[in-house]
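Have a look at these structures, which come just after this line.
Next come two complexes built around subunit A: one with subunit B, the other with subunit C.
Right after this comes the complex of A and B.
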């Protein structure tokens, strides 16, 4: 009863606390988003500088254009493999790092986290230098180790450009996965694990029956977040390959950027970003549904 | 018994080998950056490259620090990142507190909106923001970067801080209220000190993201007096020639502040992030 009265008294104060943040987010996120969707129904190119209403024409046009479909295909490859590697490597590292026998865990974690701390531009630049076909250390290491016979062109080759970017994205983001998974591994009650071992479960069974149910929710969250971040990522591809060679590593974010700021085809770019927004919104909705559901329980 | 012990020792060795491999993969590119930055022009372009440096030289650093736009960009980045981080933390605290302690109409909708905001692709926002900013003459000002930086970092900051404030017992505040403290006073004097580790991790997280922010800086600035570090480093990249020595040494200059910040606050940061942010 007391609580109810108190909450009612401060009905408007809550809004006041939130208002400043709300104004910023509304003006820099909500308004541009709506504006962007409006723009997607108008045509504006370098030849027709006036905005002209064309309805859904640009959507139709875009969904049938080869360059857009190519970007969409690259986006799927880029996102799928980035998330797969980020999660698999991060998960494995978290399992290793969270063992009781590991001493100085904080130091190990701090070192492994460094790629995530390094600004994306710098990380991408350093990798671009390591990928260098003449003076790159990566080719040198791989040749010495006997994995390859001659230097690979990495970012300069149509078949390797996207993979090169996926490697950098994985390198930068897997440390964050470790942090998430480690935190959720800590929520697994030690007594349950011990009980399972006493009952004669081997480590795989123990993992499957005791550990997994406790961390499954976090894993789902992490995979969704990684998917959203990778769909939104722009810097890696921009610095490493610029979408090239040709359009071999052109993902949607790169496509949008080029349409807008190189071809000055703002209408088309707005249409493509609306489509990217819809894709991201689908994953976001799944994420938000599961995270709010988790909050209530 | 002996067999068991041996097995345990093997497992321990295996674990440490895995850890060393992980650390090498993580750290090697960063070491390679520092390594290359200390090599002279002739040595950096040798094939095959070696890790050992014959003549350690600071010429790349001198070129970057005395004869390039990097120092000015460093100042710009510092002003923009520190301002944006401060604003985000203050607004995030207020909003997080509002979400944590009050019930009001439309709260759930706003909360969901915030979650969507956290996922918003910057590339979707850049076109309309560019068009609006160029129309009202905001392009190429500190403000044109600080505002988007604040907006894209506020959602996560608010959500994390709400999580930390939820963990502060409400009884403490009630006691303070009875003693006559205002709502804002309670927040500043009771709630924030208790949630301090959370506040620190939010501040670090925000600083790291504004320090590396790329797409807004790329499109909303064009003069050297506003340009931030992630953009300034590209000026060593000509049409045909790339000055890798300068890029590696500016890379080192740009990374050092965030690496130091992270190493020094690592404990608080990891603790804060695993308690607050990781829930989602």
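Right after this comes the complex of A and C.
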């Protein structure tokens, strides 16, 4: 008994320290998660007091319904292009900003960080008005510059609605990419770069051989994080288009919101949430595996 | 081993929480009845109110306390965004205030979810007279023949029009019918070379788009559902005619701004205040906002036009005070709800019009020509079907009419598809 207690003190005392935090996590994250997964096997609306067990029926029904598949398709497009542009623009900016010849780097950094600092709802509202074809500044600029001759209904047309939201999401998140990449660029030893230059490497080779191996890990992490966040993102589409016109910009998070809080079909919403959870979990697992793997190596 | 321990700890925590959550939900629900010696009741109540009442309610509570000094009332104000979600969650979770000021459209949802106190016993045993409320208000708060809230505010849509633009086109006022309205809208659009359009319609806002479409359908003699709310009637001749007209205003006649699909009511208001549209549908709540946007605006209000030969009907909207099913002080709560719904108080409480017929000609309304016409419109109001699926129905109509407005499908197809989808959920 005594031995056992001693063992607990030594080996597991750490557990005691993290216990409060674990309990908080359990109550605000694990409980809703388990609740949601259980709920997804039941038919439950706000009007029916009892839970009716239906097994996988709701999954089957959702995976065959046009509106869900449309939301799934939109989610893929939304996530792929958002992450692509966020990363590409952020990466390019980081490379430029890390050059010594760039003057006033502090000022540029501050200015570029602004979109990220602004709350998403406010940013989206401002964009909604900028997009507007009667009052919006964007159309006016494009018309004055001669790119278009008639105002475009950015958030109001089937073909442009999702693109408009992707632009806002990109605008909002690319500063974060800069932050990550610039930080990791600073870990590239100057001496290695100098050595490469002395050996006659041009800037592309220098980047490929010296810089890239140092920042590749960070890039992978950033892309995974952006993917996870974008899959879950709700604010931009909710504020800008509400999923419309029709359902042309409806992503999964919007679909779930409407099922739960407009149709009050909690069972169905839980099923859709579980599917989204599985998708996000796949990316999260890759992320966790790669980041733990990175630590060990 | 470690992972197992952590997991078991987490699960234990989850279970404890689950039990706690379960305990909260089950409570004795009040029934109500005759109130003896109301002035002796002592209680503390909380009222959840809308943010626009922030300057009004405290004064009314003072008056209430002159009559009932032992009932202390705490008022909390909430913005309209997310309000219904918050109230619904609180009501079903048993954590709501004793009284809630709610939109009549939410009554059926809240009542069906068993969040509201059935007021029938209070009404019967205290001889409370419901007949002075507008019919639309009475229907709006009645679910399965039981009353769940006491109305205080009522309104419906009217037309706002730009008097100067109308005069320039040779017209004095808003016509009686949509058929007469169309040439006016066309003339104004033409005369200005498109700088001013005939009418603003919101095509990008769930609430107002479905509302205004419904207004058109009602004043052509159509309806969303049949009388007993069992079947969708959007595929009727009248409803299709109205939907066609609604879509054609933009698609065929071009008398609606190009930005229609991006517009909500606020955008319509701004366009109207800048003279970029000659008219738009709205309620009395927009008068102050318009005067603030452009104090030189020469505007008029009128009843909504109807289609030739059809009876005048527009959507009745209103607000009422409901009592939570979980309140500990139902008697005191009833007294406050009754007080807020009383004739003179409801005039003060409502930022638009009183829900009482006897107040239609109240000095506050008839003294202002803009208000007077809109006050008259209230009696033509008919509430949306009082069924819990109503927001889902409006979502379906909204998505379909958006497709028609963007030219993907015809208005007739939109109404037929809506009918199929709505019948499925009924």
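Note that in this section the second predicted complex is superposed on the first by the 279 of 297 C-alpha atoms of A that agree within 3 Å, B and C clash if a C-alpha of one lies under 4 Å from a C-alpha of the other, contacts with A are read in each partner's own complex, and residues count from 1 in each chain.
Basically, contacts are C-beta pairs under 8 Å (C-beta built on N, C-alpha and C of every residue); 3 or more make two chains touch, one makes a residue touch a chain.
Being a predicted model, the structure only gives us computed values, none of them experimental.
Asks: Putting subunit B and subunit C on the same copy of subunit A, do they fit or clash?
Replies: When both complexes are placed onto subunit A, subunit B and subunit C end up clashing with one another.
Asks: Just subunit B (first), just subunit C (second), both, or neither: which does A:246 touch?
Replies: In the superposed model, A:246 contacts subunit C only, not subunit B.
Asks: Looking at A:280, would you say it contacts subunit B, subunit C, both, or neither? Reply first, second, both or neither.
Replies: First partner only, subunit B.
Asks: Quick one: classify A:80 as touching subunit B (first), subunit C (second), both or neither.
Replies: Neither partner.
Asks: If we overlay the two complexes on their shared chain A, which of subunit B and subunit C does A:118 touch? Say first, second, both or neither.
Replies: first
Asks: Check whether A:134 is in contact with subunit B, with subunit C, with both or with neither, and answer first, second, both or neither.
Replies: After superposition on chain A, A:134 lies in contact with both partners, subunit B and subunit C.
Asks: In the overlaid three-chain picture, which partner chain does A:47 touch, first (subunit B) or second (subunit C), both, or neither?
Replies: Only subunit C; A:47 stays clear of subunit B.
Asks: Tell me which partner A:182 touches in the superposition: subunit B (first), subunit C (second), both or neither.
Replies: Only subunit B; A:182 stays clear of subunit C.
Asks: Does subunit A have more residues touched by subunit B or by subunit C?
Replies: Touching more residues of subunit A than the other partner does is B.
Asks: Once the structures are superposed on A, label A:264 by its partner contacts, choosing first (subunit B), second (subunit C), both or neither.
Replies: Touch status of A:264: second partner only.
Asks: Have a look at where A:158 lands relative to subunit B and subunit C in the superposition and call it first, second, both or neither.
Replies: So A:158 only meets subunit C here.
Asks: Which residues form the common part of the subunit A surface touched by subunit B and by subunit C?
Replies: 15, 22, 25, 27, 30-31, 35, 132, 134-135, 261
Asks: Considering the complex alone, what residue numbers of subunit B touch subunit A?
Replies: Of all residues in subunit B, those touching subunit A are 11-12, 15, 18-19, 22-23, 25-27, 29-30, 32-33, 36, 44-49, 51, 91-92, 94-95, 97-99, 101-105, 107, 110, 112-117, 119-132, 147-148, 150-152, 154-155, 158, 183, 208, 211-212, 214-215, 218-219, 229-230, 233, 244, 247-248, 251, 254-255, 258-259, 262-263, 266-267, 270, 273-275, 278-280.
Asks: Residues of subunit A touching subunit C in their complex?
Replies: Those residues of subunit A that touch subunit C are 15, 19, 22-23, 25-27, 30-31, 34-35, 46-47, 49, 128, 131-135, 150-151, 153-158, 241-242, 244-247, 258, 261-264.
Asks: Under the touch definition given earlier, write down the residues of subunit A that touch subunit B in their complex.
Replies: Listed in rising order, the residues are 7, 10-18, 20-22, 24-25, 27-33, 35-36, 39, 93, 96-97, 99, 101-102, 106, 108-115, 117-123, 125-127, 129-130, 132, 134-137, 140, 143, 171, 175, 179-180, 182-184, 186, 218, 221, 225, 228, 231-232, 234-235, 238, 253, 256-257, 260-261, 266, 269-270, 273-274, 276-277, 280-281, 283-284, 287-288, 291-292, 294.
Asks: For subunit C, which residues are in contact with subunit A within the complex?
Replies: 5-6, 9-10, 13-14, 17-18, 85, 88, 92, 109, 112-114, 203-206, 257-263, 267, 270-271, 276, 388-389, 391-392, 395, 398-400, 402-403, 405-406, 408
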